[in-house]
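We call the chains A, B, C, D, E and F, going by the order they appear; numbering starts again at 1 in every chain.
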Amino acid sequence: MQQSSHITPDGSIAMVDISNKNLSHRSARARARVRLARAAKEALVAASLDKGDAFAAAQIAGIMAAKQTATLIPLAHPIPLSEVQVSFAWDDDVLQIEGLARTNAATGVEMEAMVAACVAALTIYDMMKSLDKGITIETVELLEKHGGKSGSWRRASEI
Amino acid sequence: MQQSSHITPDGSIAMVDISNKNLSHRSARARARVRLARAAKEALVAASLDKGDAFAAAQIAGIMAAKQTATLIPLAHPIPLSEVQVSFAWDDDVLQIEGLARTNAATGVEMEAMVAACVAALTIYDMMKSLDKGITIETVELLEKHGGKSGSWRRASEI
Amino acid sequence: MQQSSHITPDGSIAMVDISNKNLSHRSARARARVRLARAAKEALVAASLDKGDAFAAAQIAGIMAAKQTATLIPLAHPIPLSEVQVSFAWDDDVLQIEGLARTNAATGVEMEAMVAACVAALTIYDMMKSLDKGITIETVELLEKHGGKSGSWRRASEI
Amino acid sequence: MQQSSHITPDGSIAMVDISNKNLSHRSARARARVRLARAAKEALVAASLDKGDAFAAAQIAGIMAAKQTATLIPLAHPIPLSEVQVSFAWDDDVLQIEGLARTNAATGVEMEAMVAACVAALTIYDMMKSLDKGITIETVELLEKHGGKSGSWRRASEI
Amino acid sequence: MQQSSHITPDGSIAMVDISNKNLSHRSARARARVRLARAAKEALVAASLDKGDAFAAAQIAGIMAAKQTATLIPLAHPIPLSEVQVSFAWDDDVLQIEGLARTNAATGVEMEAMVAACVAALTIYDMMKSLDKGITIETVELLEKHGGKSGSWRRASEI
Amino acid sequence: MQQSSHITPDGSIAMVDISNKNLSHRSARARARVRLARAAKEALVAASLDKGDAFAAAQIAGIMAAKQTATLIPLAHPIPLSEVQVSFAWDDDVLQIEGLARTNAATGVEMEAMVAACVAALTIYDMMKSLDKGITIETVELLEKHGGKSGSWRRASEI
């Protein structure tokens, strides 16, 4: 059967050895969706019309968390990120948060993009939970990645 | 309209002042669901039968991340956690991850539980992504919380 | 001559032992001043009229750094902060940044307030340095502190 | 009007994309000045004659903080620092602290030098505050930087 | 057979639940021994006679690491340390490093003391390794602990 | 007499300047030995037969700590680790823990390997201390290193 790359033959957990891989430009985009009840959405949007602060808090938290990916994810490699972006869009009452990461390194930045989107979503939840504890973070997923030996991958629904 | 507790009258972002709140026992449980394709699930389960390492990695990452919540979430207060647990259950091809947090403090541990579940899920994704980049983290949400002035809250679907 | 509290009789560096001090409410306010050339001030203010993002970045960085004070300052004690605020005001072309911290603990929060103001100022510098590397951070200083055995202290110029 | 490099056209906060920039040797020097009352200066100097511990604490704190720059400053890139130095000099009752940073990277180390000087100054303040809470950190500023596309810059007063 | 407190009945790894334990004064002392060849010892001692910097580096690193114990050790609880001390003594060519930690908390500080001694020893190794990579850290062990339900414990050889 | 590389001519502590060193493949292996009383060893081994969780906790803690080496050790350079492994073997009642680190960088990974072995050992101690506080960590030492200007070094007893 297929074997996850992180499980070595003796069962130990180890970081994948990337010593012999080439540096190349790599990027990845991930998305988190936060479903809000109508009252919570209105409060969030109103705050954004005023000063944009709730979105800025989530944006900054996502960017800073991306830089902490190797600290959070046990087998993630430290990566010299060259860019991180967190952006927002509305799909009805669902807030879509995208995390984008780029680097020139020997390994990809899928986790950095996933962490950015996830922590931005958690921050939105933290900002809104006094209004509605039931807010859910849905469908945190990778949208695309490019670079490295495995090249480009896109989520089927996004092509 | 309702006002998020984190937006002060002048629009600034500030931590909620909990100086005058009483210490009390507080707990919270959150859940993340990770949907796996059949091949990925089989590889994950096989690894667990061998050594349980993939689950241990996610469990430890979730526990350690809960302790870092105030570092990740801009307006979260530092909290002296008295307990963190991360546990797993299967619902068909969906892996359910629960994070539980307890403290005796002046504020609740909803974010600690959410972060534990989220980072455990991100770690499972990291362990499995070489098999399937399309694995999605679904429905990260609070299940219940207890303690403090607002008392108990349970997600309707869980009662 | 006067002896700094951090230098023990044998010259070693050690954290002050606060085991026998009482928990009490403590607060502190500190201020950093950032002097900007006219062109830089205009760009900063324009950004604030648009979205307030530069100020939000500095505000969040200051709040998050206050929570990291014990990680940055060798002999600082870990403190369960109950509140951190970062606020801004203009004095001509000088941006005044105030950091406020509160806790119920056995030691004061002067360093937390100083770190908040300082890192917020460093963030403003980082946001503006592409326009003017010569921007200076002036006069990072404690304005007042309250609580604990030494009680209240106010900077003479502020009374 | 001039536009800060960190504000993208849609107002979002994002890290500057350095993916297409060349690696080159970069350095930067920054200075913080700490003004001490005569009694505080004497205590600090005496400690240095004994063991130099107060200066060592500030020196180490500054070096370690420089390595944490990307963790503290929201839009700072992770940088593989090749050298960090913190040094001291007296100008009457003003302690001058210089931070020096070097790297071979795609972006400069101005923030690393500023953070080193700033945190070293904050540490001196922490060591001395039991003697004088009114000690002020003055004029944290960049002295010079070299390397990269924008080449060399020196503070006018230092040329 | 005896069961480690960290392994719950279902085999999962979880933090011990200290929610129902009383706050009390707790302390612990641990020791690390670093064996140096004669030439290395002489260089270390000479540096200490000059400025004491190598010892200060190790002292500060040990104190700062003690504060990071919960970040390093998966199941360690965050603890509001009230004091940390790192001290040195010579036993022939063996450098003895003691870490002392105190707190008022619901759990003990054995790990904080062990981490302080260990990281101070690792720092001495780092400072000396250019002279002798073969320097060994020996016998990192707990010397005594006090407080909490299990009361006092002392290493037999130390009584 | 020999001079440690970290002490500059004026006595200051500074990071070694590696700006002019070449990137090359570097590796290092270190070992920590944990001596257990028979009852403690049996409990540890039984846990490993069940789920291997105690070893997984130590393994993950060691890997994650290696990535934090520059945060823990004052003068350590940030290094883009390409691999970290932690493995275990029994020598009677002594648990041998090996840390292995690799990178392509301008400096070696001896400290990363030492930190990995050390923190894994501290984690084993933490997991077992409720059974026996007297468990000792022995002989944390470098076994070998390769790469860079000084080339290969092996501990005499290991050749």
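In this text, contacts are C-beta pairs under 8 Å (C-beta built on N, C-alpha and C of every residue); 3 or more make two chains touch, one makes a residue touch a chain.
Model, not experiment: these values are computed from the prediction.
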Strictly by the touch rule at the top, which chains does subunit C share as contacts with subunit F? A, B, D, E
Return the chains shared as contacts by subunit C and subunit E, ordered by label. B, D
Please state whether the interface between subunit A and subunit C is built from the same residues or different ones, using more than half shared residue numbers as the mark of same. same
Cα centroid separation, subunit A vs subunit F, in Å, comes to 31
In whole angstrom, how far does the Cα centroid of subunit B sit from the Cα centroid of subunit D? 37
What are the residue numbers in subunit E that touch two or more other chains? 11-13, 51-53, 56-57, 60-61, 64, 68, 71, 74-75, 78-80
Write out all the pairs of touching chains, ordered by chain label. A-B, A-C, A-D, A-F, B-C, B-E, B-F, C-D, C-E, D-E, D-F, E-F
Where on subunit D does subunit C make contact in their complex? 1-7, 11-13, 39-40, 42-44, 46-47, 50-51, 53-54, 56-57, 60-61, 64-65, 68, 71-76, 110-111, 114-115, 118-119, 121-123, 125-131, 133-142, 145, 153, 155-156
Which residues of subunit B touch subunit E in the complex? 25, 52, 56, 59-60, 63-64, 67-68, 78-87, 102-104
Can you check the complex and tell me which residues of subunit B touch subunit C? 11-19, 21, 70-71, 74-75, 77-80, 105-106
Within the complex, which stretch of subunit F touches subunit B? 51-53, 56-57, 60-61, 64
